[in-house]
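I am attaching a structure below and will ask some questions about it afterwards.
As written, the chains take the letters A, B, C and D, and residue 1 is the first residue of each chain.
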Amino acid sequence: MENNNDWRHRLYVMIFQSDTVAGRRFDSTLLLIILASLVIVVLDSIDSVHQNYADVLAYIEWGFTVIFIIEYGLRLYCSPKPLRYAFSFYGLVDLLAIVPGILALYYSDAQYLLIIRIIRMLRIFRVLKLSPYLKQANYLMSALRGSKQKIVVFLLSVSTLVTVFGTLMYVIEGPEHGFTSIPKGIYWAIVTLTTVGFGDIVPKTPLGQVISSLVMITGYSIIAVPTGIFTAELANAMRGEQLQHDCPICKKNSHEHSAAFCSRCGNALFKKME
Amino acid sequence: MENNNDWRHRLYVMIFQSDTVAGRRFDSTLLLIILASLVIVVLDSIDSVHQNYADVLAYIEWGFTVIFIIEYGLRLYCSPKPLRYAFSFYGLVDLLAIVPGILALYYSDAQYLLIIRIIRMLRIFRVLKLSPYLKQANYLMSALRGSKQKIVVFLLSVSTLVTVFGTLMYVIEGPEHGFTSIPKGIYWAIVTLTTVGFGDIVPKTPLGQVISSLVMITGYSIIAVPTGIFTAELANAMRGEQLQHDCPICKKNSHEHSAAFCSRCGNALFKKME
Amino acid sequence: MENNNDWRHRLYVMIFQSDTVAGRRFDSTLLLIILASLVIVVLDSIDSVHQNYADVLAYIEWGFTVIFIIEYGLRLYCSPKPLRYAFSFYGLVDLLAIVPGILALYYSDAQYLLIIRIIRMLRIFRVLKLSPYLKQANYLMSALRGSKQKIVVFLLSVSTLVTVFGTLMYVIEGPEHGFTSIPKGIYWAIVTLTTVGFGDIVPKTPLGQVISSLVMITGYSIIAVPTGIFTAELANAMRGEQLQHDCPICKKNSHEHSAAFCSRCGNALFKKME
Amino acid sequence: MENNNDWRHRLYVMIFQSDTVAGRRFDSTLLLIILASLVIVVLDSIDSVHQNYADVLAYIEWGFTVIFIIEYGLRLYCSPKPLRYAFSFYGLVDLLAIVPGILALYYSDAQYLLIIRIIRMLRIFRVLKLSPYLKQANYLMSALRGSKQKIVVFLLSVSTLVTVFGTLMYVIEGPEHGFTSIPKGIYWAIVTLTTVGFGDIVPKTPLGQVISSLVMITGYSIIAVPTGIFTAELANAMRGEQLQHDCPICKKNSHEHSAAFCSRCGNALFKKME
């Protein structure tokens, strides 16, 4: 019984952690299998491949699903707190990576849900010892968080702009030039404002082209807004912290980066050696 | 009479302010109605919906207009200074949100003017207690104001560029390749310079493609200008939270927000009255 | 004779300067005439206008040309150093603004050269008292100058990239998919790298689409380069100068912005009041 | 024999260095020949040119190849360590610039590999005394290196996004609207996310257009990420010209380039040996 527990713990270390050789090997293998399973889904969507190898690919995909089911079972089995795992973020993703494989037996379209397995690839950061990369992601995240409010204001403005311009173009150009409804007009306004410009719907009337020019120049200019917001926040996050040094007199402990004197009591922060 | 005045004041607080429970509930309801009214306009523009539900939608829209008329009347009635309200920004917008509804009875196209109601959505900031967001909008606004002159210079340069390139392309490509007039050439130059690239008009001659390449690389490069301007200003505005006060001795002019002494020379920033 | 000289000087002040009321009125009128002359050129290029009003517009344009000839004559006459004016930048532009008008009498296509008159619009800065705007333009210019070398390196890299990718696509896709020659391939690479994306030439083969994806992601990413260069330079130019204050001991006179002590002799830059 | 060695050395200086007049003249000539050889390749790809001058161009190209063979031989001959040159970066490029010319005798398509000669153009920096430009390139490079990790995180996120959206669009739109397979869907997602927008494949269903709008707004917004990363790093790299040396007392760690004393605490940065 001891022995059994011990074995379960060893399995736990291998499956859930990546500090041991076995653990890293397990994670690497898992990642390769996930990647292979994604490639199969992608290949199966290509018509010429599907017509020739549909059966083979279905068997392989089914095989992967079985592997994932076994893996999920092992994770539940060896986890000290199975329920906590099952309802954790990773636990739910692991479950979601199986379900479509089973559904695909009955509804063939369900197999595309398998693409959800891409989320499992997040483990790649752990495997490839990319923790410094994750720290960089944290930088980016903190910059994004810092600019959240500005981004909401920006997106609200863009939505308003797009609605107004979309309606305007619908009224001006009308259904005969492809603007068949206001939602279509809004779609066109988004395509134009973001400078994507598919060209599936284009203004034909002179007035419509003037308004379009306005939308394009607006879109071209206000791209400065998210960029500016993010850059300023990131520069902030990277310049980082103020000087952390206790004033020898009043103990105030954060100062401007290049302060020579305490801004609260006016005493020199650093003694000058004579 | 007193009583009546009291009731009017209570109504005023509810309609115009959003500090009380009733006030916030009123504003929320109003926002929902505005949103619903916008959705109706949008839905009505879709052909398949229009053919089946035109009557129903017209009735609903008319109902919304009646509600807005009543609301406008109440605002005029309970406002202490009705005229001042009527000619305020919000007062005019509230009026404009009604007029197209009435016009729509006679000219069916007028209903699209109802989209102006989207401006009323600005109240959303008040309702959702988004004042910190508004402060962020102020940040953005102040950055835009600070860079106004640079933006005017930039837009003038872009206009000149676009006019010259548009004329050039009209001369080079000519009407047989879609450049039917100089304004069309200018429209094409805007589409290209802003990197939208619809593809409805494209250069066909080798020389035209060389010029196009020039326009595209220019457009790709000078997008750096608005972005750079805005980013630099925004970084300034964000740093600018600091105390703006010249040190009386060394003239250093930006300090921590709560500084009492200059961080460069250690002298008191403010004279203490004895 | 004296009188005549005096009159010439008064004319000179009016035409060449904009400090007096008469001078500003002259410049404003001139700008309006230039603008009107440009509008005429643009209008004349529209087919429906041309067919109906070709004669009228030609007369008007000819009238403008006469006005500009007279103006040029007056400038030459009243200028103290006529030759210096004639070969100055503005002098040459003023001449160039006339020539196409005369040529147009013989070759009708020459009229489009009239668009060169847009350069004369540069005077607008002087008329509208936009000198603070010009200062802003100087900011931008200094930022551009500061980053000139980086921009050359960037443009050389882009040219290389575009040549290599264009050739690659020509080999892969071939003439049957619109890539009829290497120059065409380069043109396509520019259209794609700058994220314009006309869609007149698009990759059809799977390999071509993979390469395209590479080009697009490259283009999407390296737009960061000009933007980053310009933003960093502009921020530099705006943050401006270092502390200009002579060290009281060694007279070194430029220091870090927040220096409290001289970096050469170590003495305090500012006396602390006791 | 001495004499021979001397001659070899003189050749070495001329071919490999660019400090002498002869050396610079040699490099300039070489660059012109490389450029001419590239122009020939490009011209030969144009159909109308090819049909008329194919023979002439082939002879010229072959002539260039002979010149390059001779040059390569000379380099090997006069280099003090021929093997080290042969396996250096430039040595391999010089070899690669010859091979396709020889292959082209047998396989006509191989001539397009000649475009690899563009890499030889890198020598242009040496010839035109562009070393300050190269320093600028180093700036850019160091900024890119500094942001490498952030860029990997960014590219991984973009890849994931593009895969998920591409699959989604394949399921929603289906082969009848051009989304014939998941790879095609991913290709479309890249075209759209990078705001290129060819317009060869466009969403037709309402749901597809909603998802597209999401992709476009995402692409429009996250362009801020590479831009922000690069700008912040570049600003860092440009500031970083400063002396990186901790003050022994206050630990302030960036100083003016010629600082002898810390600008914050006034203490000597470097101990003077007595």
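Just so we're on the same page, a contact is a pair of C-beta atoms (placed from the backbone, for glycine too) under 8 Å apart; a residue touches a chain by one contact, two chains touch by 3 or more.
In UniProt terms the chains read A, B, C, D = Voltage-gated potassium channel.
None of the values given here were measured: they were computed from a predicted structure.
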If I list every residue number at the interface of chain A and chain B, are over half of them used by both copies, so same, or under half, so different?
different
More C-beta contacts across A-D or across B-D?
A-D
Chain centre separation (chain A, chain D; CA means) in Å:
29
Rounded to the nearest Å, the gap separating the Cα centres of chain B and chain D is 42
What positions in chain A touch 2 or more of the other chains?
183, 195-199, 219, 223, 227, 229, 231, 235, 256, 258-261, 268
With touch defined as at the start, can you tell me which chain D residues reach chain C in the complex?
38, 41-42, 45-47, 109, 112, 115, 118, 121, 124, 132-134, 136-137, 139-140, 143, 151, 155, 158, 183-184, 186-187, 190-191, 193-200, 219, 223, 226-227, 229-231, 233-235, 238, 255-256, 258-268
Mind pulling up the chain A residues that touch chain B in the complex?
149-150, 152-154, 156, 160, 163-164, 167, 170-171, 175, 180-183, 185, 192, 195-199, 202, 206, 209, 212-213, 216-217, 219-221, 223-225, 227-229, 231-232, 235-236, 255-256, 258-268
Contact residues on chain D for chain B in the complex?
195-199, 227, 231
